[in-house]
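A single structure is presented below for examination.
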C-alpha cells in the first residue's frame, strides 16, 4: 500500500485498547485512529471524547464496513478474537491482535489460513519483543555475540495475582502468562522448541487451585538446535515486576536486568538500598507497546511482512498446551504430540 | 486562575522550543499551544504545520497581544530574554523562560521586580530539578535520609563540545553549563551558596581558549549551613553524557548514576560489558522537560507559586559570576562580593 | 575432646591436599599437621619440605597408626575414599573427606554405619557452604528474609572442561560437578529433594560424548516443602567461573553474583567494561576452603556435630544418581526410586 | 644482596606492627622475622609467643646491632621515626617505615640524605598503592586507557573518628588521613601536584575543633600536567569505610567502588538491599598490607629500587602542609611556597 497515513479501527476500548489508542494519538508516526468500537456505551463515549474519535460503534462489524479503515486493532477478550479476525480478514482489513490469538490450535490454524487467503496481514501482540532490553539481547544473539546459544534462562514474575474472575477466564498460567516467555524463548534463541517439561504448583494463593490453575512454575524447553531453556514464573513477587532473561552460549553470555524508576542508591547504617523495579506491566512495557504498534504501522504501510505473525501466535500456544499437558502428567511432552493432536 | 486549560504562546521554534511544543501537544495535561512566534518564516511554518498551530507570528509582540494567551514560553537566545520577559509581564502573561534568564545581574533583578509588580509568575527552566533521579535525591535529603548534608558531589560532563558559534555566544562554561549544577547544588543541599572557588582550564580543545573560555573545571562551593560541594565539568566525555550527583551527610549518603538505554550486560572472553549512558541531553532529560512544563502548567492553573522562580534564576547566575571571577583571579570569591557589585 | 590443638594426618598431597595443608599451616586456628601420606615419593618430599612436616609415609595406614593423630583429611581420588574412611574409623580417627564420599550408595551407607559404630565423626567437603556469599543466602533464608522459599535458581558453570583423563574418572557431570549444586540446593532451601528431572547434552566438546558423559545440563528439583529448583550447568563459560544462586519466596528474594578480582569500571567510546569473574575454583573458593577446615577443627575440638556429615554426603549422591537416570530415560525420577534400589 | 631469605627486625608490636608480623609469618615469601622490639614488656612477650619470635628487646637499638637482621620495619608512633630511621641507616639496615615518615620537611629531607649516604633503601608504607582496585586504576591510566588524565576524584571517608588521644597526636586530618589520598593522587595521575586549595570544617564532632583540627574537607589539586583533582574526606561515614577513586581523561574514565563482604542482593517489599562496605581499614586493606610487604621484600632481595621511596614520603607531606596552610588562610597554596620554606 501507499505511504499515506494508516487509518486504524480499534476494536475494544478496555485497558489494553486505551494503551494503543493513546500511543496512536500521540506517539506513533504514520497512523491515525479512524473509528472505535466497544460494547460498553459509557466506555466508548468516554474514550472517544478523550481522544477526539468521531466514529464510534457498539458493533465492531460497523467498523469493518468503513472504507476508510485500513486495519484493525483487536483488543477484546480472547474468546472474541476468532470471530473478529475472520470477519476483519473477510473485509480485507489488516489485523493487529492481542495475544493469545485463541486458546484452540484448530481455530488459530483456521485464522492463519483465512488471513493468507484474503491477502491481509495478521500481527500478534507479543509486545515484549519490542522492549529495548529484550530486543538488545535478540540482536546480540543474532550478531553472534554469545556464539552458539546453549542455555536460556527467563525469569518472569508478576507483582501480584490478577482478580479471580480474570484467572478463571485467562486460559491458565501457561497460556496467559508464560505464553509471553514461550514467545520470548523462540525470539531469543532463534530456534523452534521441540519438547517441554513443566513443573507447576500452587504456592501463592489457593484461589488458583480452585480455578484448576497454578501460580508457580518451572519449565524446561528443548530447542531444535540443541539448546536448553529454563523459565520460572510466579504470580506474586512482593518486590515488584521481575522480568529478566539470560542467553548463554559458546562465545559468551548476555543478560538483562529489571527496569528501575530511578538510579538512586542510598547508604545508611543498615545497608545499601535502591529502588524497587517498575511495578506494573503498563509502566514496565510502556516503550514496548509503543514500539510494537509503530512496527505494525510501518510494516503495513511498506507492504512488508509484520514482525510477529500468526505462525508465531500458533507456536506459542502449542508450547503452552504442551506445558499444560506436561504439568498435568509430570512427563516431558514433545511439540509434535500437540501438533498431531490438531491435525487428527 | 480557573482550572480551565492553560493557553500558551510559544516564543521561539528552535531546538528547545520544539521540545516544549511537542510535550504540550502530546504529553502535558491541562495546557494547549495557542500561538507561536519565530523570526524564521520557514521554521515557523514547518513547526506550525507539524503540530497544527493556526496562529503564527514573526513578531513575538503579536502573541502578547492575544487575549486568549494566558502564558508564554520564552525559548529564544539568552540575549532576547530581557526584552521579551519585560514585555510579557507588561502584557500580564505568566512566563516560562529557559535558563539563564540573562547574563547580567542588574537585568535579572529588574526582571524580577517587573514580574512582581505586574503580578505574573516567572518560572526558570532548570529542567534537571524535574529529572526522576535528581528529584529522588532532593526528596531523600529533605526527608532527612542523609541526616545533615555535609558533602555534595556533582559530576556533569558533556559528550562533546558545542559548535564554536555556540561557545562564543554561550556566556562561557560557568554560565552556560555549570549553571545547571549551581542550581542543582542549591536544590539538593537546600542551603544557599556563600562562597565559590573555581579552577578551570582548557584541556579539550583550543577553540575554548580562543573564545576566552574554559572546557574543564573543578568548583568548590561553601554553603551557608556549613556543607561543602565539589562540581567537576568537562565539555567532552568520550563515553557519553555523564550526569551524577552524591549527597553525603551525618546519617548516610544518596547517589544517582547515569541513565542507560538498556540494562544489558555482555560477558565474553575479554570482560563484562554494558551500554554507554544516554548520549544527548534531549534523550537523557526527556522526562525532566516534560515534568517541568507540567509543573509550570499546574502551578499557574492552581494559582500557586512556580517551583523555580526568578530568585532561583538570579542565584544561579550570581554563583556563575563568582566562579568566573574566582577562576580568573585564582582565589575564593564570596557571593556577597558579587551581590554588592550589583547594588553598587 | 579437649580444647588442645587438633593434630591432623593428611592423606593425599595433590592439588586439593595442598590447599588444606597450606590453610592448616597458616590460617587455621587450633590445628596442626602431624603427618602426611602420599603414594608419590617426590610429591611427598616436596610438600613435606615446604611446610616443615617431619612425619611422612607412602602408606596411609601408617598415619592411622600414629597415636598423636586425632583426625585425618582424605584428599585422594574418590575410588580410594571407601577403604581409607573405613580404616580411619576403625583406628578411631575423625575424618574430613573430599566430596563425593563414593559413587555407590551402598558403600556410602556402609561408611556412615561404620563411622557411627566407631563413634568418630565424618565431615564431607562441600566447601561452597562456607563461601561468604552462599552462607549469607543460607542465613537470610533461615532468618525468614525471603518468607517461604518457592523457587531456587543455581547457575554453576566451569571456565573450561577438565582433562579427558579426569572426565573419564570423574563419575560424570552430575556426580562430579552438579553434586556441589545438589548440596547447595539442600543447604539453601532447607528441605529435602524428592524428585529430579534432568536434561543433559553434549554442546561443548565431543570428548564428553565419547566418555559417556554430558557437558551441559538443566535440572529441575522438587523439594518436600513444595519449592522448586532449577540448576543450569556448563563445562565451559568463556568469561570465567560462573557461580550464582537465587532464592525466591513469599517474602522476597536474595541473590548472589560472581566474585571479581577488583571493582574497576572502565568507560570508553565503545562501552562500559569491568573485570571478568575470578577464573578458577582455587581463587574463587579460597575463603570457603579455609572456612570449612576451620569449621571441622572447631567442631571436633568442641565435641560438637560437624556441619556437613555423611548423611549430607549420601543425599547429594542420591540426587546425582537420580539425575543420571532422569537424563538417560528423559523422565522425572523420584528419590525414593533411587533409595529403594539401595535397600533392595 | 643475595636471593636468600630476608631477615627482618620489627620495631613496634602495636596494631600495625602485628599486621606486618602476621603477614611475614604466614603469607610473605622470602622473608622471616628475626627479632622484635617494643617498649611494652607485656606486648613484646605476647606477640613473640604467638609468632614464635625468640629474639626480643625493649630497646630497638639492640635489634640494629644484630648481624642477622637485614632490614627493619618501623611501626612505632610518628614522632619516633626520625631517630629510628637514622639509627637504622647508620647500622646499614634497609628500612620499611609506616607513613608519614615525619611531620617536618627538614627532618624527612635529612632522613633521605642519610639513607642515600648509607646506601640503604627506605620504603614508605603507602599501602593503598598495593590494593588491587587502586593498582588496577594506576595500571589502566599508565596503559593509556583513559587517554590524558584530566580530572581525578578521590572519596576517602572513615567509618568513625579515632579516639581523642589519637587525634591530638595525629598531625591533623591532612597529615594523618588525607596524606594517603595525596599519595594516591600522585600515583594515579603520574604527575606532580603543583598547587593545593583546601576547604576544611568541623561538621562531625567538636572534639576536632578543640584539638585545632578538622573532620571534613574538600581539596582541589592542580597537577604539573594540567590535570585537576578533587578529594573529599570525612572522619565519619555511618555506612562504613568509603574508598573510591575515579580518573577521567581524554580517552575515557576508570572508577573503582568499595569492597563488600559479600555480593548478596536482597529484594523485599521495601526495596533492594545489599551489604555495607567493609568497615575497617584492616579488613579493607588486608591485601594491600600483604602486597606492600611482599613488594618491599622482593625489591630488597633483588637489589632493585623500592616502589615507594623517601621522595614519595616527602612529597605527600609537602602536599599535606600546603593543604593545612590553604585551609587556614583560605587561599590556594603552591607547593613551591612550602618547599622554599624548607630550604630557607
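Per-chain numbering from 1; labels A, B, C and D assigned in written order.
Keep in mind that, in the parts below, a residue touches a chain if its C-beta (ideal position, glycine included) is under 8 Å from a C-beta of that chain, and two chains touch if they have at least 3 such contacts.
Remember, it's a predicted structure, so these values are computed and weren't measured experimentally.
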| item | value |
| --- | --- |
| Labels of chains that are neighbours to chain A and to chain B | C, D |
| Farthest chain (mean CA position) relative to chain A | D |
| Pair joined by more contacting C-beta pairs (B-D or B-C) | B-D |
| Intercentroid distance (Cα basis), chain D paired with chain B, Å | 43 |
| Whole-Å gap separating chain C and chain D, where each centre is the average of the chain's CA atoms | 40 |
| Chain centre separation in whole Å, for chain C relative to chain B (CA means) | 59 |
| Residues of chain C touching at least two other chains | 238-239, 251-253, 267-269, 275 |
| Partner chain B, residues of chain A touching it in the complex | 25-27, 132-133, 136-137, 140, 145-146, 251-259, 261-269, 275 |
| List of chain C residues in touch with chain A within their complex | 147-148, 150-151, 153, 155, 157, 197, 199, 201, 203-204, 216-218, 220, 222, 226-230, 232, 234, 236-239, 242, 248, 250-253, 330-332 |
| Complex contacts: residues of chain C adjacent to chain B | 238-240, 267-276 |
